[in-house]
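One structure coming up, written as structure tokens, with questions to follow.
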Amino acid sequence: MRAGEVKLGVSLFSYSSVFYLGEKSLTDLLKKSKEAGAEGIEIVASQMIPGYPYPSREWLRSFRDECEQLGLEPFCYSAHLDSGLRSDRWLTEEEKVLCTVNDLRCAKDMGASVVRTQQTISPKLMYEIAPWAERYGIKVGVEIHPPHTLSTDVWQEFIRVFEDIDSPYVGIVMDLGIYQEYPYDGWINVYASHGVSQATIAFLLSALKEGQPLAEVLAVLEKQNASEYAREMAQEMFALYRPYRPDQLADVMKYITHFHTKFYHMKNGEEETIPYRQILQIIKETGFSGYLISEYEGHYVYDEQTVSCFDQVREHIAMERRLLNA
Amino acid sequence: MRAGEVKLGVSLFSYSSVFYLGEKSLTDLLKKSKEAGAEGIEIVASQMIPGYPYPSREWLRSFRDECEQLGLEPFCYSAHLDSGLRSDRWLTEEEKVLCTVNDLRCAKDMGASVVRTQQTISPKLMYEIAPWAERYGIKVGVEIHPPHTLSTDVWQEFIRVFEDIDSPYVGIVMDLGIYQEYPYDGWINVYASHGVSQATIAFLLSALKEGQPLAEVLAVLEKQNASEYAREMAQEMFALYRPYRPDQLADVMKYITHFHTKFYHMKNGEEETIPYRQILQIIKETGFSGYLISEYEGHYVYDEQTVSCFDQVREHIAMERRLLNA
Amino acid sequence: MGLVNNQRAYDKHLLWQGGEGNIVVGDSVVGFRFPVRIPNFRGNYLSCIEEFSFALDGQALDPDKIELVLNGKRFRIGDLPQLFAEYWYVLDVGIIEVLHDGGLQGKHRIDATMKLRYGYSAYFGVCKVVTSKCSKEYEF
Amino acid sequence: MGLVNNQRAYDKHLLWQGGEGNIVVGDSVVGFRFPVRIPNFRGNYLSCIEEFSFALDGQALDPDKIELVLNGKRFRIGDLPQLFAEYWYVLDVGIIEVLHDGGLQGKHRIDATMKLRYGYSAYFGVCKVVTSKCSKEYEF
């Protein structure tokens, strides 16, 4: 990949609903990804790979071959680090290493360049992970995801550790959800369908925009005897969304394995809740080379019949291409 | 089956060593059973059935068909009741019922007439098992096996329960090992190979024959400073073997689903450690109808090259036929 | 994403369709069965199922009478929390089998609740546990 | 049957042949592997394995560095006692993988011990637990 070359891809997670319902096979999803303009794909292993967490080598190689035959790069094996998978205790550090080595082994068979892991792995374990990633020749990227931001303690710690390790084999998967400023219509409508009034919704949106503290907002709701849904809506909204601050994005760019360009709803070719224009400007200015992986998450609330995930991904990739070329 | 009709079969367990080593397939074993003169077979599910404890219906039906094509009755699905399978606790009564219902389901798919279960099921649970066996139309037989005899408390209890339930669907699998009088050469030789002297062996055999109490025997060994193997040999010998008493055999005949005609070594067409002549006489006199299932267990100590399990089974079935026709 | 999203997208699939019916043994009807899906975008370890409970026509069913048939095995509901080496692939349909003398005839309502722990979603030290509920009328 | 019988018949197969070698990742040798069988006439639940320990050239191996590969899954040795829903079919060959920097070259001796509980053999209230031992020299 040339310096400053940005490639566009898609996470097959974007197609969760049609996959879950058996309406489309994995092969269908790969073809749709290609049609949408993707050059590479990310696959959430725990979601789509039979036999997970120990898929067969045969399956992985055949998936790799299928991607390549369609002209798609099997870019990222997206792992979950389920540190709470046992009911009696957390996974130990040793178990987390074994999980990650297993993910690397699978990623290798799949021909992937990156394993996406999660912050449950803990920062200091990256010292043990880095040599494994290097041996496999595959990067391990820890995804930063809402409700965390780069300012969250654990992320300040991750960044210190990445500075210290100074290896191209460990880094950050940057989910743009952490820069989301507003909730999207579909999400608001779910709460509305649970009886949260338009007046309450308007109040919450304006409080969010004006940076009013959550405690004050909850006090107001309390006084209004608001429903449990209204209170949950406020809590989720203030945990997940906030006015845009570019944060340390440019500073950490050198650690970013790739982006999850998160989105919930494309309207007329635009995404309105995340400051894409500003962020892609930083990406261009810093000379980042690598993948922007479109991650559509509107499938939770929009019906496929009304809002097609395939159209959404196509429009999103087109928007990214337009902004990158601007 | 006509009243008083005795059929001869074989437990595929007799071929354990060649199966374990991959020298013979299950199909080979069925063919060998037929060649040996068996009319039906018993299969130890935990040993030979892939997917145990939940083998697929497809596998079971195809096994049934294979038996039938070879002219063999798939007579008994031999289940283990592993009440100690968990490391934290014994199976509950409810779990034992679920296990047994699962075994019945498998036996049904295999076309079997009997499920062999084990005394770990507990006598009082037979009240719950009997209706299940009746629904499936398959008998559940609890195997009596050394070191137990019909006089052991739990067996006195089983017999009371069977009298009380009075159903043809629950009963006893009679392993003739409980009538074994002497150890067989191969077993003695294993201890000899561990350094137990011929003098000690002669002493133990004579003490066993004369009905000397184990405590006295152990005291003698103690005085002689005998090895750990000598003491283990004495303990095993006195736990497993005893002078023949026909016990309540004729009395319980009506509860017997079938016999395991246990043997360890055929020499010149005869078995020398179990009083076959007397026992088969009782079987004939009581008019028992059903299977004698040859169960060869010498494969633990004899090498297949020296003593062939296939020859052993053939000779054993021939002996049974001869004694029955005498 | 908020829980309401997951509820909206997946809870309705917890009780699935196809394969519902009675459990017949010889001439006896000994119970009934119905199909279930894992109500989330991804599969999960059975040990992450903190609760999986059912009601028939409003009456809670005894967990000791219920087995989950999945991965070619049968699991007691009470054992699920211990099954950390058993994964439920998201496309696999589980079958719930309930011992129930005589089975069911005609239309009956099943209510299901699953509490599913998200083992990776421990952003501030505690795993998210999401409760899914679903009701469905089956024709037996 | 006495324990000596089982020992005579099956202990020698605990360490099996075929598939032994080093674990190579890219240019690094990160460990070694060798094949194992269950030393009994029948298969068993992994929860019945009370001990499964190994030594390399007389030196005990750290159980935290060992995984058993079986049934298409990987198991930590320390987890075996909890795996009551995982069955080891008697014809299946397990692979023991040991993390061991640089792997092994040439001939090395492995010692293996398995304590296996016979869950059905509780004739007087206690399960029989049989200890199997096996030693083998492998060429790596």
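Worth pointing out:
The chains carry the letters A, B, C and D, assigned in the order they are written, with residues numbered from 1 in each.
Just so we're on the same page, a contact is a pair of C-beta atoms (placed from the backbone, for glycine too) under 8 Å apart; a residue touches a chain by one contact, two chains touch by 3 or more.
For clarity, every value in this text was computed on a predicted model and none was experimentally measured.
Common neighbours of chain A and chain C under the contact definition above: D.
In terms of C-beta pairs in contact, B-D outnumbers the other of B-D and B-C.
When every chain is reduced to the mean of its CA atoms, the largest separation from chain D belongs to A. Centre-to-centre spacing of chain A and chain B amounts to 61 Å, using the average Cα coordinate of each chain.
Put simply, the C-alpha centre of chain C and that of chain D have 36 angstrom between them. With centres taken as mean Cα positions, chain D sits 29 Å from chain B. Computed centre separation for the pair chain B/chain C is 41 angstrom, with centres defined by C-alpha atoms. Residues of chain C found to touch two or more other chains are 73, 82, 84. Multi-chain contact residues of chain A (touching two or more other chains): 51.
By the definition of touch given earlier, these chain pairs are in contact: A-C, A-D, B-C, B-D, C-D. Residues of chain D touching chain C in their complex: 73, 75, 79, 82-86. The touching residues of chain C, counted against chain B in their complex, run 25-28, 30, 64, 67, 72-74, 76. Here chain B touches chain C in the complex through residues 51, 54, 56, 94-95, 98, 102, 132, 135-137, going by the rule given at the top.
Chain B meets chain D in the complex at residues 13, 16-17, 19-20, 22, 44, 46-48, 50-53, 80-87, 118-120, 147-148, 187, 190-191, 194, 229, 232-233, 236, 240, 297, 299-301. On the side of chain C, the complex with chain A involves touching residues 1-6, 8-10, 13, 37, 41-45, 47-48, 50, 81-82, 84, 87, 89-91, 117-120, 122-124, 127.
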